[in-house]
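What follows is a set of structures to go through.
Okay, so chain A shows up in both of these, paired with chain B first and chain C after.
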Partner chain A sequence: MIGNVVPAVRAAVFIVIALVLCGVIFEIAGFSAPLMFESILEGAFLRRGALEQALRWGLPMFITALGVVISFRAGYFNIGGQGQFYMGAIAAAFVAEWLKGSPAALVIPACFIAGMTGGALWALWPGILRIKSGADEVITTLMGNFIASLVLVYVTAGPLKDPSGSGQQASSRPLDAAYRISNSIGLSPTIIVIAILTGVLVWTLLNRTSFGVLAGLAGRNPTMVEWQGARVWRIGLASFLISGALAGLAGTIEFMGPNGRLAGGFLPGHGFTAILIALVANLSVVGTAAAALFFGGLASAALFLPILAGLPSAAIDIINAAISLFITAKSGFIDRLANLGKGQWTKS
Partner chain B sequence: MDEILIATLRSGTPLVYAALAGVIAQRAGIWHLGLEGLMIAGACATIIGIVVTQSVLVALIIAVAVCMLGSVLLWLVVEKLKANQIIAGLGLTGLGLGGTTLAVQSIFGTQAAVSAPFGLPKIGPAFGPFASLSVLALLMPVAVIVVWIMLRRTRFGLRLTASGEHPFAARSAGVNPSMMRLAALLIGGVLCALAGAELAAGSLNIFAQNMTAGRGFMGFAAAIFGAGHPIGASCAALFFAVVGALGIRAQIVFGDRVPHDLLLALPYIATVFGIWLSARLRGGTKALTGFGELRDQ
Partner chain C sequence: MILECRNLTVRYGKVTALRDVDVQLEANRIHAVVGQNGAGKTTFARVVAGLVRPDTGDLRMAGAPITAGNVSISRQSGIELVHQSFALPPSFTVAEAMQFGADGGTLFTKKALERRWQAHLDKLDIRVRADRRIRDLPVELQQAVEIARALVSDAKLLILDEPTAVLSPEGAARLFDQVRHLRDRGVTVVLILHKIREVLAVAETVTVLRGGERVAGPLETTQIDSDRLAELIIGSASDELDEEDRAALTGAAIPAHAHASAVSDGAAPVLDMRDVSTLRDSDGPGLESIDLSIRPGEIVGIAGVEGNGQRSLVRTIAGLANVSEGTVGLDGRDVTRKSLADRRVAGLRIIPFERNVEGLSLNSPLWENWSALGLLRKPLFATISPGGFRRGCVQALDNWDVVYADVNQHAGSLSGGNAQKLILSREIDETARLVIAAQPTRGLDIGATAFVWDALRRARARDCGILFVSSDLDEIFDISDRVAVMVSGRIQAVFEPPFEISRVGAAMTGAVQ
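Right after this comes the complex of A and B.
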C-alpha cells in the first residue's frame, strides 16, 4: 500500500499544477477562471444526476482504458484506441444491419463479437508492423486513428447512410430499438454488468495469470523475459489484440447503447481520454475504475458547459491536455516529501 | 502535371517545415509529438493576427511567439520534470487543439471557421504557373539547406546532435545538453509557426478547428522516415504530399467511382508505409519500449 502513496501524491500535485495552467489559459482567453472551474465542478460532480452521467461517459472509457493498461504494461505504446473504438463500432453496425430482423438474443451477442473483432483487427496490423519489422507503433496507431475516422465518415455517408438524415452531419441508420442495450441517457444494467465483468477479467488476467506477469516483465525488460524462455512477440501481439478488442467493445457499447447509430466523428476524444485514465491510474486496474469516473464526470461536463453555463466545451479538452502534459512528470522534491512519513530521504 | 506539382508544393510546404522541426528535435534527443499542437497554434495565431492587426508581419511574429512559448512549456515538462516525451507531446498537441478552439470562441464568439481578408504574400507572376504559391513555399528549399548546414557545418549544430546522440559525452565536452534541447525546441517552434502560417494563410486564408488533421504527426513521421536528415525528411514530407495530391487528382479523374473519404486517407497510409519501410531498411526506431517502467516511477 505504501508503494502506491508516492505515485498518488505525485499525480495529485501535478494535476493541481495542470489545473493552474488551465486557469491561466482560461484567463488569457478572456474567461473567468473561477467561474469556469465552478461550472465544470458543478457540471461534472455536483448537479443532480451527476453520478449517472459520470458513469454513462466513464464506463466505455474505462473499458478502452483497460486496453491501454494492458498494452502499456506490456511495453507497447498503442495509442490507437480511438481508431480501434471506431472500427469496433463500425463492425458492430455492419453486423446489426446484416442480421436485421433476427431475434435480439442472436443479434446482440453477434454485434459484440463483431465489435471486439473489429477493434482487435485494427490493432493487429500496427502490432505486426511493430513486432515483425520494428515500425514505431506510436506513429502507426496514430495514423490508424485518422484512417479509421475517415472510414467512419465514408461508412456513415455511404453504405450505412441514413437517407432521412439531414445533410449537415452524415449518420447511419438508427439501430432497431429491440437491439439497443440502453436508452439514449446511456446507463443500463447491461452496460454496468459488462463493465464490471471486463474489469474483473482484466484484473485477473493481469494479476493472476502467467500472461499478466510476463507482460508486466516484458514491458520492463524484454530481453530477460526472452532469456527466461517466454516468447516476447506472442505476449506483445496478444497485448495489442486484447487492447484493440477492448476498445472495440467500448465502441460497440457506445453504438448499441447511448448513441444507437453511428455518426461521422462521434466522441472524438474517447481514445485520448482513455490513455489519460490509464496513466492517471498508474496502470492499475482498480485505479483505472476510479480515474474513469473522474474523467467520465469531466466528459459529461463538456456537454453541460455550453448548454447550461454558456461556456465553451473546449475547456474540458484543455484540462485533459494539461493533465496529460504533466501526468508522467517526476519530481524529486515531491518524492522526498512523500517519503518523509517513512523517515527516510530517498534519492529520486 | 503543373497542377499536381503546385498542389504538392502547397500541401507539402507545411509538412516540410514541420518535418524540419521534428528533425532538429530528434537530433537533440526529443521525440517531438507536440508538432501538431504547435502547428495549429501557429495557424490560429497567424489568422487571428491578420484579422486583428491587418498586418502579415505582426501576425507572423505573434505566431512565432506563441509557438516558442509552447516549446518552452514542453521543454520544462520534458527536461526539468522528466515527463515521458510522447505523453507530454500528445498533451501539448491537445493543448494546441483545445486552446485554438477556445481562442476562436472567445474572440469571435463562434466555433465556425475564421477567414482573413488576405494571407501571406504570393511569389508573383514572375514564376508563371506557380504565381499563386506563397513566399514561404519559395523559402522552403532555403530553410532545408539552412537547417542542413546548421546541423552539419556549425559548432552549434554538432553540439546539438551530440546532445541527442550521447549527452554524457556532450556534457564532458562542456556542452549543456538540456540547454541545447531548449534551443532545438525553440527553433522547432519557429518552424512550426511557419508551417501553421503556410497551412492557414498560404492559399485559403482560413482557420478551422482541427485543420492540421494530423499533419504535425506526419511531419514527425517524415523526420523518422528521412533518418533524421533535413533533406531526407523533406523528401519524405514531399512524398506524403505527392500521395495526397494524387489522391485529390484521382478524385477529379474518377469522380464518384472511388470513395472520396478513402482517397483522403492516402497520405496517412503513405505515412504508415514510410514508417514500415524505414524500419525495414534501418531496423526499428530507438527502443520506445520500456514504458512498463511508467509504473515503477
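Right after this comes the complex of A and C.
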C-alpha cells in the first residue's frame, strides 16, 4: 500500500508547488493570483457540469496517456503521442469519407480500426528505427509530431477540405451526424465505455500478461531480459505499436465525438498533456485515470481563466509546463521528504 | 609509525563495514591487509585515502593528524590509492592519464607531455611508451601505469587495493618486484590482498580483518604460518568447510583435486564446440578455433587473465555472438544458428558475469526477476497469474536460503550473496543441462562463496555439465574436473587433475606447452 501512497503524495506535492509558483509569477506579472486559483477551482471542479467537462477533456487524454504508460514502462520514450493522435484521426476521417453512406454499424467500427492502425503505423517507423539501428526514439517521435501536424494541415486544406469553410482555418468536411459518437459537448456513454474498456484492457495487459511483466523488466534493464533469452525487439516493437494505437484511438474519439471534423492544428497540446498525465501517475494505470480527470478539469478551466481572472487561456499551458518541470526534475528535496515519510510509515 | 588509525568505524546504513579498527603501520615496509570479501578491506583503504568519512575515529600520518574523509588532504599528506577496478580513462594516452592527476602544467604540447611522463615511467622502471592509449595496453601494464599515476606526486604511502585480482601468477610476481623496488625507494606500501600465498610472498607484516573488525595484526609475516593465518581470516566459519574449500578460499596452498568426479563416461557431451571462431566485438578480438566439450556431470574450469576471450566464449555459447566458423552443440543438437531462447529450452542456464546488469534488473521486484525465465516460456501475450509466480518465487527463495523481506522488494536491495542466490534459484532448475557460471563468486563472502560451490557441485551430481569461468586459480582448481586456459581468444592448454599452479600459470601467460 505504502508503495502506492508515496508516489501519489509526491505527485500531489509537485502539483501544489507548481500552482503556487504560477500564482507567484502571475501576481508579479500584474494578475491576481487569488482570482486565478478561484477560476481554476470554479472552472475545473465546482461549477455545475464540471465533472462532465473534466471527463470530456480527460477521457481522450486518458487513452493517449495509457499508450505513454506502456511505452515508458518498456523503456521507450515515445513522445510522439501527438503525431499518432493526429494520424489516427486522419485515418479515421479518410475511412469515414470513403464509406460515406454506408450504415453506421459498419462505418463506426471501421473508423476505429483505421484510427488505431493509423496511430500504430505512425509509431511503427520510429520503433523500427530505434530497435534496428538505435535511432533515438525521442528525436524521431518528436519529428513525427511535426510531420503529422503538417499532414493534418495538408489533408484539411486538400483532399478532405470542406468547400463551405470560412477559409480562416482549414477544416475537413463534417462527419455525418449518423456517424458521430457524441454531440459537440463531447461526452457520451459510448466514449465512457470505450475509455473504461481500454483502461481495463491496458491494466490487464500490464499486470496479467507475460508482456506486461517482461516489458517492465526490459524497461529497467533490457540486458537482463536479453540474457534470459527474450527477443527484446518483439517486446519493444509491440509496446511502440500498442502505444501508437491508443493515441490513434484517442484521435478517432476526438474526431468522431466532440469535434466531428478535422481542423488544422486542433488540440495541439493533447499528446504532451498525456505524457504529463502518465508521469504524474508514475506510470500506473489507476493513477493515470485520476490524473487524467484532474488535467481534464484543468483543460476545461482554460475557458474560465480569461473570464474570471483576465488571464489568457494559454495560462493553463504555463501551469501544465510548471507541473511537468517539477515532475521531470524529480526534486531531491521532495524525494527525501517522501523517503522520510516512508520511514515513518514503516516504523509505525 | 607512518600511519596510525584509531577506532575507525564506518557504517553504511544498517551495515557496519568497519568497527573500531586500530592499525599502526611502520614506515618503509610492505604491509598486507587481508580478509575475505566483506571483511572491510576496501572500506579501510578508502577511509585512509580520504574517500570515505569514518563515523568515528581518527587518522594520523607521520605523527600529524589529518582530516578524515577528504581526498585532497589525504593526498597532500602523501597517501595514494590504486583502485581495485581501474579508473584510468581508456581513450587517454598514458601521458594524458598521468597529467590528469598531476599538479602544474598550464599550456603544453603533446610532445612535451610525453617527454615529461616518459621520464617518470623510466624512473619507475615501467616499460611502456607514454604515447600509447590506455585501452591498448594489457591489464598488467595498465596496472603499472595506475601505480605510476599514483606516484606522480610525492607519495609516501601507496595503497594497492586487490592488485593481483587481474594478474596471472607471473604478473603478480612482477608486481611484487615492483613493490619491493618502491619500498627500497622509501615508499611505504599497503597491499590489500586475499590470498595467503601472496601475503607470505611479498609482505613484511600482515593485518587481518574479519567482519569489519581487526582480528590480528600487524603481525610479522616471518612469525606466522599459513594455517594460522587461514584460521584468522575465516574464523568460526572454518568448521563447516572441508580442508580444500578452506584452502581455496584463503589461497593458502594449492588444493589437490580430490573431489569425487561424477563424470559419466561415454555419455554424449552437453556442450560440444568444434573449431568455433567469432568476429571481433566490443569485448575484444573474439574467439579463435575453440574446441571444447563438457560431458554430463563434469565441471570444466576456464582459467585465464581477464579479458582473454572468456566473455566472448560465454556469449558464443549463449548465442549472443557472431559465430563466423565452427559449430556449437548443446546436448546433442547443433544450436549454432539457434537463438538464446531455443538454447534455453534445450537446457542452457547462465549465471552471467555481471550479476547486476545481465543477471538481475535491480529496480524490479524480486518475483519479476525470478519469473523472467518462466514468463519467456509462454507466448508474449499469454495471461499469467502473478500470484502463482509470487508463490513460486517465495518457495524457491526459501529453498535457496535467500534472506529477503518481501517478494515485492527491489532486487537492488539484496546483498551480493543473496542476489547471487536469487540468480541460482532461477537458473539451476531440474531441466538445466548446461550451466555456465561466469565469475559466480566474485565479491561474495565466505558463506555465499561456499554456497555457490555447493550448488554447482549438486548440479554436477544431477548430471549437469558446468562451465566455470573464474580468474581465481585456487577456486578453479578446487571445483573443476578439468581446466582449460584461455589466452587471447584461444584455448592455450587443457589440464587434468592434479593441477599444478606453475604449469597453469605458465599457460596463462601464453607460454607454449
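Just so we're on the same page, the second predicted complex is superposed on the first by the 322 of 348 C-alpha atoms of A that agree within 3 Å, B and C clash if a C-alpha of one lies under 4 Å from a C-alpha of the other, contacts with A are read in each partner's own complex, and residues count from 1 in each chain.
Criterion: a residue touches a chain if its C-beta (ideal position, glycine included) is under 8 Å from a C-beta of that chain, and two chains touch if they have at least 3 such contacts.
These numbers were taken from a predicted model, which means no experiment stands behind them.
Engineer: For the combined arrangement obtained by superposing on chain A, do chain B and chain C clash, or do they fit?
Structural biologist: Aligned through their shared chain, the two binders fit side by side on chain A.
Engineer: Which of the two partners, first being chain B and second being chain C, lies in contact with A:S210: first, second, both, or neither?
Structural biologist: Only chain C is touched by A:S210; chain B is not.
Engineer: Which partner, chain B or chain C, is in contact with more residues of chain A?
Structural biologist: Comparing touch counts on chain A for chain B and chain C gives B.
Engineer: Check the residue A:I235 against both partner chains and state whether it touches chain B (first), chain C (second), both, or neither.
Structural biologist: Once the two structures are laid over each other on A, A:I235 reaches chain C alone.
Engineer: Does the superposition put A:L51 against chain B (first), chain C (second), both, or neither?
Structural biologist: Once the two structures are laid over each other on A, A:L51 reaches no partner at all.
Engineer: Where does A:L150 make contact in the superposed view: on chain B (first), on chain C (second), on both, or on neither?
Structural biologist: first
Engineer: Which angle, in steps of 10°, is spanned at chain A by chain B and chain C when each chain is reduced to its C-alpha centre?
Structural biologist: Rounded to the nearest ten degrees, it is 70.
Engineer: Classify the contacts of A:E226 with the two partner chains as first (chain B alone), second (chain C alone), both, or neither.
Structural biologist: second
Engineer: In the overlay, answer first, second, both or neither for which of chain B and chain C A:I15 touches.
Structural biologist: In the superposition, A:I15 contacts neither chain B nor chain C.
Engineer: Considering only touches as defined above, state whether A:I318 meets chain B (first), chain C (second), both or neither.
Structural biologist: Only chain B is touched by A:I318; chain C is not.
Engineer: With the two structures placed on a shared chain A, what shortest C-alpha distance in Å links chain B and chain C?
Structural biologist: So the smallest C-alpha to C-alpha spacing between these two chains is 6 Å.
Engineer: Where on chain A do chain B and chain C both make contact?
Structural biologist: The overlap between the chain B and chain C interfaces on chain A comprises residues 216-217, 220-221.
Engineer: Hey, which residues of chain C end up touching chain A in the complex?
Structural biologist: 318, 320, 339-341, 343-344, 350, 352, 354, 357-364, 368-369, 371-373, 375-376, 378-386, 389, 408
Engineer: Could you pull out which chain B residues touch chain A in their complex?
Structural biologist: 31, 33, 73-74, 77, 81-84, 86-88, 90-95, 97-99, 101-103, 105-107, 111, 213-214, 217, 220-221, 224, 259-262, 264-265, 268-269, 271-272, 275-276, 278-280, 283-285, 288-297
Engineer: Show which residues of chain A lie in contact with chain B when the two form their complex.
Structural biologist: For chain A paired with chain B, touching residues are 7, 10, 25-26, 29-31, 72-77, 79, 129-130, 133-140, 142-144, 146-147, 150-151, 153-154, 157-158, 216-222, 272, 275, 279, 282-284, 312, 314-315, 317-318, 320-331.
Engineer: Flag every residue of chain A that touches chain C in the complex, lowest number first.
Structural biologist: My answer: residues 3, 204-205, 207-211, 213-214, 216-217, 220-221, 223-231, 234-235, 238.
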